[in-house]
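Per-chain residue numbering starts at 1, and chain names A, B and C are given in the order in which the chains are listed.
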């Protein structure tokens, strides 16, 4: 049994305040309006976290059985009187039904937990609409990113964030404390106008992946058609050879590395552009143009799509010798060799070319896998800034270099061979080399002492035409070249 | 030096209360009974977190050197007087030795940190046994899931959860606050009867993986025997051909995809059954039968085992052409072709069949790898519900579809070829097609407007024979079909 | 509107104290000295977290525009008067410029957020240097591991730790509370002398990977040269055969498995040594020699490097049949076979050898991938101790066993074939077998009942020559064999 003296401080210690009436205290009354799935799961979780839950229902008798037994279910007007913080678990369309409670709600904190069914469905966010209906209440947006399921199970994996926004710091802090007591991690998103963004969060469908995916898809289609014309259509029209069997595997396998290689170069291009931008304007404080900013922020995703294409290219390549077509061609070659009486098929140049380019390909894939693994949140978070930039920038650039060598040795002398220009179209690999070679050249320029020294000065805060400022920024302020994306980037 | 006015609030601010006697305050006295490894590590951690540690030992002089110097070691009877919260770091078998302290312990909070050596070793949990010995104390179960090693190092990765259960909210909150101050994440597991479950946690051996693993193993054995009879035994008995060399690789390679494919279909079967269950009873509030519930909760693991088998199948397949056997067969074919004077070995149908089924196989593997990657906790946690269900349900079903195409094109017309029915046994691939095709058919039925509309209504809370309820449940309440498992599921 | 009664407790509830003047309270004044990038980002984050920010600048007018509008910028002497906790965001070289504020700073908490540009650059840490300049202040080291970028964005992924050290618990707790309010996870690193270590954290470059990487590199070089002599140089000098085409792929492919296999055995060797050490001294409380301790702590990294080499070996092997050289050799073999009139190339022993060793290789790779996946922090953290040790110790040892079988069946009878001893050098695989076979033998010895029982007793706390102690250590105290590394280890 707890002694009387102990009871009080214990009662409050988890909730970080010295006043029992504060909403975060164990045993504090929390109101809920609504009786849907979310309301029920919320009530369960609040009860489990030690709060006293008061549910306001328009039909208390019917709702009674839906809620945990320790939650008190009563008419809405009674419920709102008993709690200072009230969760509004009602559809936006039914907010107006609460207007009869206006007088009782004065001064209360209303937590809007609602979601929409479409992104930017309404002109104003649900929370702002609620605020306009109840100007004398403090509206807090929050908990909408948590599912009823997570509420019911409890946040066992300890990673669930609750995005909260509110115009009043105190109310925000109060709801944040409730979230923390429930086991969630409150994240302050600023004032109530952020509610729009918060309401869009659960409706987002991989927003950062859209552009990289579409980019990869369009590159794939372009290169595929180009390769189809050169490898299938040209032999069919010119030499009446049926090479259509190449469509499912061989064409895909020459297209994938093009996509992977171009995408990989697009990961490093914006960094180079940003460096030249900074050199040109002589400052790091000038904002990049929006397209460059967007590009810098998508580098991780572009890099991972590039890795996926490279890995698929590896699998396709490894499948080549197991196919029937490869077997039949080999048998036919054996037949030809024997009928020709040639006892040695060996072509030294061909052997060396293939040994070398396959070798570079494997090394590039190995480097890209390391980059991909360090892009995993749980690994990236364990790296400090220096390690992260070493891996993503140094190793990543090494991967680009080795990929370039892979492409060059694969191409060998074909670019200078007139017969390779089917329909006057140059071999595909020559097209893909353009951007990467430009980047490598630019990196060489940026690496020259005179340029690199100036860039370093700019990134340490030096500005053209201003006197030197000694500010504590080096070593910790990620230079814009590498850090503009999220913390865990493939670049 | 801290000014006097500052000192007090600072002293308490991390511990969220305004009373210095509260257990979570820096400087508060915490008692420990016992002097084993765990007691020592606990003392070290408590001292490092700013608590005053008082160790009760039956032989204080001998124990003195084992504990950090700032911990006070004294006889048990003295120690228990000085602290309100006391960790009992003693074996269950020695609980009775504490009975002499009964009077001194009245009203104290005792934290039972003990573990058992076997699951459900004793009839009642250690904590409940302790509670029965000291009815006038408040018993809290906790910290048993933390190892002495983690205690000593401190929870650097910030992920370590402390499961806590207790019948009194205040005591639970107090111990939770201590855990939080020590850097752990307290998780409320409810009342003391949960101690049994908590004590079993450190003894569990991958409980969620047992059924999927055994399922995969038995499927593997059945299919392996079936394939052995068809591919090795039949040629040996009927044609006196020695194909036993197929045992280590080829037989495994035809068995693995069967297991992977059937397991993948078993991931989607329970969702379909659940949908029909809900349609039949016209409500989502009726509990599923236990077997279905269990099945729904194991989908992630079943899916990952399926992916592992599929990946192994890919590696085995890629190894095929490098083997001696493949080389010898090719050489023999070349010999036959030349002695027959056939200048072209090409069989167009065979070429197309293989190009197409290998291609589908690679695509299916690519889709499954995406699913497997998003099953990683650190990635799954970063997805919102819509993204998660898009990947696991839409992409996962696409993987099932492509796998079905892979199987169909692999099988081609063999199902209709009488010579393939060795010992009247149909080709293996026809057997594996049964469940997946049933699921695809059922999905088509569920996708029909009339059915899907009714299902949607049910999942939004509509019930047969009841008037419509407008509850805030859509968009956030994961429908039962997809969410009944944990948050990070492969389905 | 908040009622007056509600306002006060709400105001404080997130900050866990009952006094508004406490630094962690929303609205509390926090001082910042400096106006660089870090100071600005810090100010932004503090303002966003609800603190009142007072910036002390030597040129307030110029600095004004650099800070968020709600931060007050004023002369340094005014600023330090208004805050109890002051962040010193100034370079170490400029600490002395603050000496003019000495009188005003008496009793304040100064947070040193500085970093160095090199590891152990100065004899004493920046924080200790600051402490020597301001003996009447309390110096707290912290926030240096956070980048300006993370400060600006806010710790969205919820994983960012702030390492804090200070000689006074109260000041540490105060700064810890500020960090927590800002959304970071404060980690107590002990007294101020830990500042040196904390200042080195952002400068570290994968310290745990250096030794394993160098080890793998030197093993690779040695084995590569050895294989080069045996497979390329010997045929060239003795038989005048040009095998130089083997350099890029085939030689790498025979070298990688040697590195992988030896590294894998080095993961298990220290555990065996530790067991014999404990058996020899008859106690687990005697410290291991430093080299063994270091080795035990690097096992995870050694294991992952081993896995990387094994995976690369798999990719190289799978590439073998697609190469031109393999094609040409096959065509030449076909030519020879036909001119010799041999209708069957089949060699049963060769077929079986290859089927079996490839099969073991795939299984070993599968086991190693499982180990690698469970080494991911987000997965390792979800396992309890028993599961972790089952996977890393049991499955890992199984992988070592299967790798040994892979090596033995690959080698077959070549070790006993005199012609294989080129330049009297034994086949490479015989060299790699030494350590693993020794480990397997040692494990067999340790598994014998008499030895294993003694070892178990020692690991439960029994000591040679002392009476039995019954301490609560089993099942939770990871025995030194397996746990001495971090929680998430491949072993």
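The rule we apply is simple: a residue touches a chain if its C-beta (ideal position, glycine included) is under 8 Å from a C-beta of that chain, and two chains touch if they have at least 3 such contacts.
The structure displayed is predicted, hence computed values, not measured ones.
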Chains touching both subunit A and subunit C, listed by label: B
Proportion of interface numbers common to subunit B and subunit C (over half same, under half different): different
If you average the CA atoms of subunit B and of subunit C, how many Å lie between those two points? 24
Residues touching two or more other chains, restricted to subunit A: which are they? 15-18, 157, 159, 318, 321, 330, 334, 338, 376-378, 382
Contacting residues of subunit A [partner subunit B, same complex]: 1-3, 5-18, 26-27, 34-39, 41, 48-50, 89-91, 93-94, 113-117, 144-150, 153-154, 156-160, 183, 201-206, 245, 247-249, 252, 308, 312, 315-316, 318-319, 321-325, 327-328, 330-332, 334-336, 338-339, 376-378, 382
With touch defined as at the start, can you tell me which subunit B residues reach subunit A in the complex? 15-19, 21-25, 84, 106-107, 109, 136-138, 157, 159, 161, 168-174, 176-177, 180, 185, 187-188, 190, 314, 317-318, 320-321, 330, 333-334, 337-338, 342-348, 350-356, 358-359, 362, 365-366, 370, 376-379, 381-387, 390, 461, 469-478, 483, 486-488
